[in-house]
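What follows is a group of structures, each given as structure tokens.
Each of the next two complexes has chain A plus one more chain, namely chain B in the first and chain C in the second.
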Partner chain A sequence: MMLTQILVSGLGLALPLLIAAVGELVSERAGVLNLSLEAMMLTGAFTAVTGTVLTGSAWLGAACGLCGGLLVGLAQTLLSVRLRADQIVVGVAANALALAATTFGARLLLDGDRGVTGFERLPIPVLADVPVIGPVLFAQTALGYLCAGVVLVTGLLLGPRTGWGLRIDATGEDAGAADWTGLPVRRIRALCILLTSALAGLGGAQLALSEVHAFSDNMTAGIGYLAVVAVIAGRWRTPGTVVAAVAFGVAQALQYALPAAGVGLPPAVLTMIPYLVAIVAVSGLAGASRAPSCLTVPFARA
Partner chain B sequence: MRSMRSTRRALVAGGAVLVALLAGLALAALAGAGPATTIGALAEGMAGTPYAIGKSLNTAAVLMLVGAGFSLAHRAGLVNVGGEGQLCAGGIAATAVGTTLPAATPALVGVPLTLLAAFTAGGLWAAIAAVLLVRRGTSEIITTLLLNFVGLALVTLMVHEPTLLRQPVTSSETLPQSAPLVDGAHLPLLGVERSPATVAILLALIATAVIGVVSRHTPAGLRLRALGQSPAAAARLGVRAGPTRVVALSTAGAFAGLGGGLLVSTAPALLAEGFTSGFGFAGLVVGLLAGGSMLALTAAALLLAFLTSGGINLQLVAGVPSTTVAIIQSLIILLIAATATWAAGKKATR
Partner chain C sequence: MGLLVLEDLGRSFGPVRALHGVSLTVAPGTVHCVLGENGAGKSTLCNLVYGGFAPTTGTMTLRGRRYRPGSPAQALAHGVAMVHQHFSLVPTMTVEQNLLLGGRGLRLRKADLGRRLERIAGEFGLTVPRDALVGDLPIGARQRVEIVKALLPGPDLVLLDEPTAVLDGPEIEALIATCRAVAASGRSVVLVTHKLGEVAAAADEATVLRSGTVAGGGPLAGDASVPRLLALMLGRDPDDLDPAVTAGLGVRVDVATGDATDVDAATGDATVGDAAAERAGGSAGREPVLRVEGITLGRAGRTRILADVSLTLAPGEIVGIAGVEGNGQSDLVHVLSGATRADAGTVHLGGVDITRATPARRTALGLGVVPEDRHHEAMVGAMSVAENLYLARLGDFRRFGLLDRRRLDTAAADVIASFDIRTSSPRTPMGSLSGGNQQKVVLAREVAIPGLKVLIAAQPTRGLDVGAVDHVLARLRAVAAGGVAVLVVSSELPELLALCDRIHVAYSGRLLGPVPAGGERAADEIGALMTGAGRSAAAPANEETGAVA
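So, the complex of A and B:
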């Protein structure tokens, strides 16, 4: 019973993290590190809630969430691909900007009424009744199923063995050689960042519209960073990234599930757990792996 | 070439600050405050009273310490994004020492002990990331960043648990914060009338000067720079990369930790949630803006500190959310990052 509960809320929190991490994996394989993932998710959550409030439609809200993520992605592309700015500096600053700007925006646009109905859970008949697995996997919201589908399609279409996947890997491993063979390095990188940001925005929308049903200041609270770390801990491969993202989601869910189950740990200790897990995962597991050679190195023709 | 670069750097820093401030004015207008109201409220909060000036100077001291530490590590090619967590570690250690000292401790003993604890704790906190970097090759950017979240949660834990640092709980209205530090651990005031300014700003000026001299005019500073600019060349010089990196990052953390110590030993002299107020991030901005010059660092710290105080007043008087200042800060960094390639005098992209 308790295991099911932890897994249900764990997957609930893991899904936004997962879709963002799978997107970030694509960008990093192409050689761009988006620490701004946090900004993309938070902006996505904010625009999703604002869009839902303004239009009254959760689907239009989700679309706004995707566009909110894209907006941050456009800025990241302009700065890190076109202007060759330091990707880490841009990421950290973008996150601070998104945090401040969404807080500011929420004061202006959402004052008082920050809750939304969002999406209802849609259990799939029969499958949802399977013990443990049923409620965990087959009782998501419509947006949740969409996110899961997007994760699957992205993983399959851009995997390391597809043509597109190979081009992306070539861009990230040796941008110079990729350029030599005629690949449009900067365009590939730009597209990858935009894809990442759209997915992260969708992840933010999923968090706000399917899980929390509201916008609150700094509601992503580090999920974006955890998604970046999930890529590193997953050694820049899809299966590893998925496992890491779900593990971080479950670690986050513990802070709600353990008190409910009567385990008397202080809440602050529970807040720390995902980050401690992430530090251990990234330094313990990722030690033997190797990042794409051109990660964080901007490309310009010599 | 060199002078062209420094001219461009100064132009960029000044231009970025100007553009970001204008954007801030526009945002304030969006929130319903005209430019005149905004500037009035900002100026009032920044320097309208001796109280406001004193507050700003105390904040500037913390930003200088975080920024100077950042610069030092940056010289060695390390990016310390963990200012917030290191402030937390320093603040916790300072509170632990400052609340357990005997009540009659003279300030001449109490203050140094408290600050030393903060300095050490900040250094050890950063050393976690440094050791993981050297031993396991984990990027210090990722670990210092994640450690921020752990540090912030640690402060929450400390002030909520009566067995840790929470003040004795006497009623349901006892706030979750630590007991006040003993009088002997309070930072002495500078002694300007009606001003809360403490000796913190003097300490920060000395620390910044020391870091500036060490990193520019000593063999140790040269080794740091060699490591930062070319690890291969540094190895030929006989610089041991591992220990040098650990020392550089830990020192950066120690100075940030000292900043945390200054924060809790200033009135009301206690540890509470959110005592870092985002100064870890603002300190990073200061370090980035300064680009290695300690003079620029001091100027940047003063600017951001006065802006922060002004921002609080902006919210009180004009009803403009104080996050406007955070927006201005992050815009400054983005603008500087965007023009870095140009400022470094590199060839423009096609």
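So, the complex of A and C:
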């Protein structure tokens, strides 16, 4: 089944993107744009593979992936919340740094094909046998199910209808008003960035340990950027972000699926697909979107 | 024993002493007024008490214990709440969401909020529309939400920073009633304002700040103490000032005796000098230089921002537009200055149709504009005073194709001297000047437009200290005397009454009136128009009418 294949590999690529995007959504609603999401994911993938190789345990490796993401998140927090550095500049710098550091680190710590066993697929009995939906949704790895669970819990607990979600929204919409109301603006933002980075690190681990089973240089290849775009395309709402993330994942899967199906498009054109989808999504053709008013504006008490 | 005691409090920003040696005591169950003109240190004082920043010297004591709030959150935890001049409500959220923000934990305790809102409604008569979006509320209703939000945690001390600045007469009256009710419940209220006239009715005690320190104070024993407090606040004899200035403070000055008496806060009524009346006759019958016809903004079907606005200005005439903010007057200025294109209607300047002209073309035809938002529309803060003065005419200072800075500075120095702009040099960054001096620079630039025919000044005196207000109003008069038509948009009705020949009122996107400013009952008529009374039957009644008390 052609469709099933595309969807299976599409969701495989979508899941890391999805968990990173849901995390980024939380940060952006609090007013922080983490362009360093790419760095968080790449570092997460690298530390996950390295951790797995060193400890021999895929779970410890996944934990290392989470911590790798957190490390970048800590730097982003320190620079953009504490020192009020330009969030975009910090993000771009972090991405360049992470690319170089992980490439170098892989030369030092990993040898040979850099492969790991990682996580096995665990099809859920009965459900996995449902045509199309079964193999797509219910044949993930243990880490994959965990990621999906984390996405769900994050979406529910930090949605705009909970107390936490409301305070996050206030921080991103009007940081000054939130501060005068007695909300700890900087702490909320710091926690949101740290949450985002942990999720992105987990996403990197999922990509490396569940899908690719190896670390390769620059293996995230723009997934982090796509996750940022998914938030914009999803108009800063959870359902929209989820739809956008999955759509981007499928678009990426088409890169591999179309040549296999004998569609004679040059690979370069196929590589462009997710980004074209992203441009259409943010161009406003899909309706007006409005970012949180204080997005990328560092907070300082007057 | 005071609830809040400040001793020798001071705060410096670098070399600037914003506040020093301030001592005052707020007694429980009273309304304490902190008076001072713009720049006297009132906002700094509020920030110190509400934890915005820490004092550099002195101590604060709350209920007999040392009080050092490190953040607004800590101030709130100590039972200190504040109602802000610029609202602390998130405009994109509903009233209910804003009120829930102060809570803790994951769950939204709506039922609990409902109970507490009922209690506040019972105790103070304050009700709020829970499901309305804050951004959609008229300004008076928004302030009511702000007050309810401050009262929600049950504070012992409520600070109100310039609460009357955005309100009209009946709203101010309701606010005063609320302050009295809050004080009667055993809490203390600190009213921070420069509108002296509005104080006498509300406050038990007053402290006057001038240049960052306490100039005096004492119990407010009715109107008798007002002239003394006014002199304290200004640091000079009120009689020296333009009557329009003192009128703007909510005080009537009887020129003959030098007595200041309280203005009826409910109507903003003030009878001031007859200068306007004297000049009114002179300009009548002249060919209008600015002709605005049928300007409409906003799509049909929805609420119109501007609806069929027409207006004419003759040379040498000063016309005012009064009204509570948000009734379309800002949008009208944007249309006239060329920042916004009207959906219908025409504007003629000196016989030329400028409806679709660019701002540069309008300037070339002799239209000067002093915009309302000084920082964003009128100046470039990081550039020097000289550059700001001549930004549109830098071509005049060319030498071998390059900018001749020496000539630029020399020209600027002349303007700086003649407009009495306090700056260390023409190269000082504009942003480092005080608000009053910035406004003088903007005014100087607009007045210097070659062939100036019409000058539009939007909220020209907002945020300025009394000296600067005096200066700006005198300039506007001088410009008009020189044959230029002047349009002044202001929410300071007493200023308009003293300055203008006739006054229109902006209400719900329409221009009502005009009312001749010299008339006996001009203030009453305008006050009535401002609340929508006497508007044409077709006008939409989308104004919030609920009273506070």
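Following the convention adopted for this analysis, the second predicted complex is superposed on the first by the 297 of 302 C-alpha atoms of A that agree within 3 Å, B and C clash if a C-alpha of one lies under 4 Å from a C-alpha of the other, contacts with A are read in each partner's own complex, and residues count from 1 in each chain.
What we mean here is this: contacts are C-beta pairs under 8 Å (C-beta built on N, C-alpha and C of every residue); 3 or more make two chains touch, one makes a residue touch a chain.
What you are looking at is a predicted structure, and each value in this text was computed from that prediction instead of being measured.
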Given the touch rule stated above, what does A:225 touch, chain B (first), chain C (second), both, or neither? first
Which partner chains sit in contact with A:293 here, chain B, chain C, both or neither? Use first/second/both/neither. second
Contact-wise, after the overlay, does A:301 reach chain B, chain C, both or neither (first, second, both, neither)? both
Could you look at A:170 and tell me whether it touches chain B, chain C, both or neither (first, second, both, neither)? second
Of chain B and chain C, which one touches more of chain A's residues? B
Pick one for A:180: touches chain B only (first), chain C only (second), both, or neither. second
Classify the contacts of A:157 with the two partner chains as first (chain B alone), second (chain C alone), both, or neither. second
Looking at the overlay, does A:109 come into contact with chain B only (first), chain C only (second), both, or neither? neither
With both complexes superposed on chain A, which partner does A:214 reach: first (chain B), second (chain C), both or neither? neither
Which parts of chain A are in contact with chain B and also with chain C? 301
Chain A-facing residues of chain C, complex: 47, 50, 52-53, 71-73, 75-77, 82, 84, 87-93, 97-98, 100-108, 149
Per the contact definition, I'd like the list of chain A residues that touch chain B in the complex. 35, 75, 78-79, 82-86, 88-90, 92-94, 96-97, 99-101, 103-104, 107-108, 222, 225, 228-229, 232, 266-269, 271-272, 275-276, 278-279, 282-284, 286-287, 300-301
Help me check something: in the complex, which residues belonging to chain B touch chain A? 27, 30-31, 79, 81, 132, 136-139, 141-143, 145-147, 149-150, 153-154, 156-157, 160-161, 281, 284, 288, 321, 323-324, 326-327, 329-331, 333-334, 337-341, 347, 349-350
List the residues on chain A that touch chain C in their complex, please. 157, 161-164, 166-167, 169-170, 173-174, 176-184, 293, 301-302
